[in-house]
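These are the structures, in structure tokens.
Across the two complexes that follow, subunit A remains constant while its partner is subunit B and subsequently subunit C.
Showing the complex of A and B:
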């Protein structure tokens, strides 16, 4: 990445990307934990998030990230691993959007065309480079947060604290497992690991602010979801969309359309970023033209997503928490630790 | 396959076009008047308006060439011909006579020496009087231009309530003079370049040397020099060369008809480009937020200026999104409208035989036709067109059940809103059509997708390293005092904006 973006821009993209995960979560990942535990598990996530990214920051502190080098086998392997992770998460993000569009927005229409449209436009955005994506993210952050605030203010009347259950009602283990699931679904940690060398400014401070803010937003969303829907949230396909649809403000009602808008904005940026990172890493590691990689990536993404589109069982097979967890663990802490150890060993051998 | 199609298309273009080439042949001025006049005649005949005159004073031959209708005949007779003819030349050496003759002319008349005939012809064709002297291998050009031109008047496209009533005109020198009147400082620099292989149109780059970014200035000059076209008939010809190279709805080049606005831009370190024969000056770098600024903002109280700016932003979004959102709501998201309103809308739309999207597209097209007709027609007929548009197409179409009344309100409101910022009209008109279509096919889903794409497209524009979306993104909070907001002059006046600091 020749052009660097500021830490603020970088974490703005990641914040929107992370908000998308919260807005689109489905109860199948929650191990049946109660609404109160959903709020509480965000703290576990916060801790896990910091722990798994520590090696990445340590690696970058020592300026030893191999992605900065263009020669050798290791950078190529690393680029391939990251690209695979980003491709997989692009597939799941697009498929989730497809599931939402196909079940909630246009239940009687074939949404394949819309999915293709998303991929084409995201590929176009990716081809423009990281700077336009970052600048757009900064412009989207405030409207997205204001929209969410507007929805939640509209929901205040519908809140009922009796819907909240005592903490750890079903035990601690399901809460921890849900948090780990959530960490596994957070591709942003891999994005940090891949992009950190190319971010200017104080990225550590930025990371801390980002993880705190996203934890707070997630907790607030779960709090509203818990107090409005209670245990009914476990029966919804997209609980956040459900509560937004229940919101009413003055003569406006059914604010689900706002969530749709926020969802699409966030998804657009996230998919664009993931396509961009795949193409950038592959093109730099293997010397292929970036636009070629972008096109190939978009075509592959389209093929896989069209295969998954409209079939819930295929979606469930693709959107596996286990695969995601393994991919994040390998690409974030394991790869960073392996790289650190290799460097140390090489250093010792030299001495 | 793609290459073959490209080659085929290139061939087809070559069949009906010729390369734009400049006549750069250099011919030195000849020592005899007759030879020089012959050369000019060979180049210019037949041209009834080119006048050639030969005179002799004390045995020294003089030759004059001028373009009738482009020169001030009275000035030529009184200030040039009479002094030269009455002059006493104590030598027969052509070079010395030429210098002596030139010295006899009043200092208020521009004088320039040329050694080359084709360059002399170009100068003469722009209204200078060309003089040869026997024995001299130089020619003198006197600036005696006087051609029909429009006087300075109030700009049509940027009317201000309390601002000056002066606007740029087609005369290039008048435009520079208007700027000079507003900035009385030696740091105002004006550099002339020529564009257009055939038209040789003069382009003046203006800037304040104490604050302009040298890199940007060099880049602007390079872009203008590399601009390749045959004739340049307006500043818009240069815009694609000066703007972003990326395919975008926005170019990153600003345009103004007002000298005061250009002065304000120059004071921020921007570069102005004045093209001869056009009343619109360009300036770079241009930011998106500047579309919502006007001179009146700075002449009124800040709170009012801010409210007007917010109103303009709202109008811009209404102008783009309203029909698309209306179509999306009527087609997919009826739940967001209050019940009482939805019943009314449904009732009205139920009488219309067309789908809402098609109805919106038709109404939009009808409006654009009425607008174009009103714009191109003689003003007296233009009013009649407006009445026909409003009464016949509007009222009658609703009565006949061809269009629903809410749709008419939406299109009317949209059209008025898009005129709040005339410089963004083309962008908003195009986006409106796109959003009507995507709103009708995919509701909010498509609208948000297009919105995101437009924003990212806009964010990619940064032709001189200054992002078009600055100071919003990259966030430069220091510049917010005069972006969407407008601080008091007591604050603004202390420090001026330095545009090149708005980079990434």
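Showing the complex of A and C:
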């Protein structure tokens, strides 16, 4: 990446991207854990997130990230792995948007056109480079946070603390498993691993602020979900949308439209970022024109998403927690540790 | 590149606009549902009554008044099949996003209401905040009896149920709250009862107590006085009035604010539920001469009578619910679940037994904030 963005811009994109994951989570990922456990597991996520990202920071501290290198096989393999991960996550992000649009926004309408439109717009945004995406993220991060705060303030009257549950009622294992699932769904760790060499400023400090803020926001969202919906959240496909639709303000019967807006905005930025990263990594590693990779990536994304669109069985098969966990583990800690070990071995052989 | 993208976007927009389903969104092609009544038939099928807005009312050029609402009775093997069958009758798609209330008929209440609510949870348009009410007749008959040319029955029901914050004799429950309670072990919940009556030949609707459900089926009915106690017990009483008899006549307090603190204690051999009702009140009517300036001892005496009355009523309700009917309509077992999870897990299958054996300690504290226009002499 010739152009660099600041740490604030970078983590603003990641914050919106992570908020999207929380807003779009469905209870099938939660191993049936109860309301209080859902809040508590954000702490496990926080710890796991730091642990798996440590090798990446260690690698960048020593300025040994192979992505900065344009020659050799390893950067090519690394670029391919990251591109595959980003492609997979863009498929699941678009598919989930499709599921949301087809279930909540336009239940009677075929949303394939909408999905195609989103992909085309995201590919276009990606072709303009990382700076416009970063600037948009900075511009939108405060309104998005204020919108969420507004929704939650209007839900205060509907909170019932009796909806909370005893901690670890079904044991600790489901809570740990849920938090590992959540870590697996956090493509932002892979984005950090792939983009860190190209971020200006103190990215380590930025990372800690980002992970703390996103953990706090996630915990707050789950707190409101637990106290407002209780067990009812397990009956909903998108519980966060449901609590927003229950928020009442003045003559507005529900504030679901705000969540819909935030959701589409975050999805747009996230998909644009993922397409941009795929095209950038592949074009730099293999010397192909970036615009060509962007178009190919968008076409492939459209084909896969149209195949998955409107079919819950296919969506469930594609949106697998296990596949996501493996991909994140391989692309974040395993790849960074392997690179660190290879460098050490090479150094020892030279000496 | 930019031109190609613009052309593609334009093509997709045109494609979306000519989508066949886009035409369905025309308001005159939709049945905007305001309320749903559900009855069960002997063969297990459902009769659903839909109160919908007459969306063709705007074409009333002759000046003659047309009914504001349409009432439609539909049959189906399931609730969803019955509702969707409206489409085959007039070609209009029923839209549930404006649905205000679900009215449960008497027979359905007796057979169990939970399966009939599944559709409303799965339907993306229906809000979880929709109110649930029960009637002591068929829901279809209720809607017929309550309808007139200028009234929206469902909105009136919603208005009445939403007064529960100001009138403690009215209870209310939303779909979300009801489903939440139905997921607890040995679950019980309550639903307000409404009825229709004639006022100068015009049909009117009013609240008529509460019906308690145990495991989804009718368990018992509570009158208005018991509903007040239920609201106290559930920490849902906010404002309203309590009247009582004193040695020298009748008096009433007006509740400015009420809060019930509920806690469970399992330090002895059986759970003890402590229910503390804190009321801020105004003396609405004293048992003395009209306008008489109340003394400190008289205020204290009225306060005592009020406390006794609320306490006795709540204790009577606890006896009825937990000993006689074994129905945890106030959701007190949730306190055991939260504070004593091991005890709860051990007795999950016999929760009503534990609740019957438990001790209930009711404490009422009335703080007289105002005494009308007089001050204490």
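Assume the second predicted complex is superposed on the first by the 351 of 351 C-alpha atoms of A that agree within 3 Å, B and C clash if a C-alpha of one lies under 4 Å from a C-alpha of the other, contacts with A are read in each partner's own complex, and residues count from 1 in each chain.
FYI, a contact is a pair of C-beta atoms (placed from the backbone, for glycine too) under 8 Å apart; a residue touches a chain by one contact, two chains touch by 3 or more.
Since we're looking at a predicted model, the values are computed, not measured.
Colleague: Quick one: on subunit A, after the overlay, do subunit B and subunit C clash, or do they fit? Just give me the call.
Modeller: Because the two structures are overlaid on the shared chain, the partners are seen to fit without clashing.
Colleague: State whether A:90 touches subunit B only (first), subunit C only (second), both chains, or neither.
Modeller: A:90 contacts neither subunit B nor subunit C.
Colleague: Taking CA centres, what is the subunit B/subunit A/subunit C angle in steps of 10 degrees?
Modeller: 100
Colleague: Now for A:264: first (subunit B), second (subunit C), both, or neither, which partner does it touch?
Modeller: first
Colleague: Looking at the overlay, what does A:229 touch: subunit B (first), subunit C (second), both, or neither?
Modeller: second
Colleague: Is A:6 contacted by the first partner subunit B, the second partner subunit C, both or neither?
Modeller: Once the two structures are laid over each other on A, A:6 reaches subunit B alone.
Colleague: Who does A:117 touch here: subunit B (first), subunit C (second), both, or neither?
Modeller: both
Colleague: Please indicate which partner A:242 is in contact with in the superposed arrangement: first for subunit B, second for subunit C, both, or neither.
Modeller: second
Colleague: Examine A:252 and indicate which partner it touches, taking first as subunit B and second as subunit C; both and neither are also allowed.
Modeller: first
Colleague: How far apart, in Å, are the nearest Cα atoms of subunit B and subunit C after the overlay?
Modeller: 5
Colleague: Taking the stated contact definition, name every residue in subunit A that is touched by subunit B in one complex and by subunit C in the other, in rising order.
Modeller: 106, 114, 117, 121, 124, 245, 253-254
Colleague: Which positions of subunit A touch subunit C when the two form their complex?
Modeller: These residues of subunit A touch subunit C: 103-104, 106-110, 113-114, 116-117, 120-121, 123-124, 127, 162-166, 169, 229-232, 234-236, 242, 245-246, 248, 253-254, 291.
Colleague: Quick check: in the complex, which residue numbers of subunit C touch subunit A?
Modeller: 1-2, 5, 8-9, 12-13, 15-16, 19, 21-22, 24, 93, 121, 124-125, 127-129, 176, 179-180, 183-184, 331, 334-335, 337-339, 341, 345
Colleague: Spell out the residues on subunit A that touch subunit B in their complex, using ranges where they run on.
Modeller: Those in contact with subunit B are residues 3, 5-6, 8-9, 101, 105-106, 114, 117-118, 121, 124-125, 128-129, 131-140, 245, 251-257, 260-261, 264-265, 268-269, 272.
Colleague: How about subunit B: which of its residues touch subunit A in the complex?
Modeller: It comes out as residues 246, 332-333, 335-336, 338, 341, 442-449, 451-453, 455-457, 459-460, 462, 467, 469, 472-475, 504.
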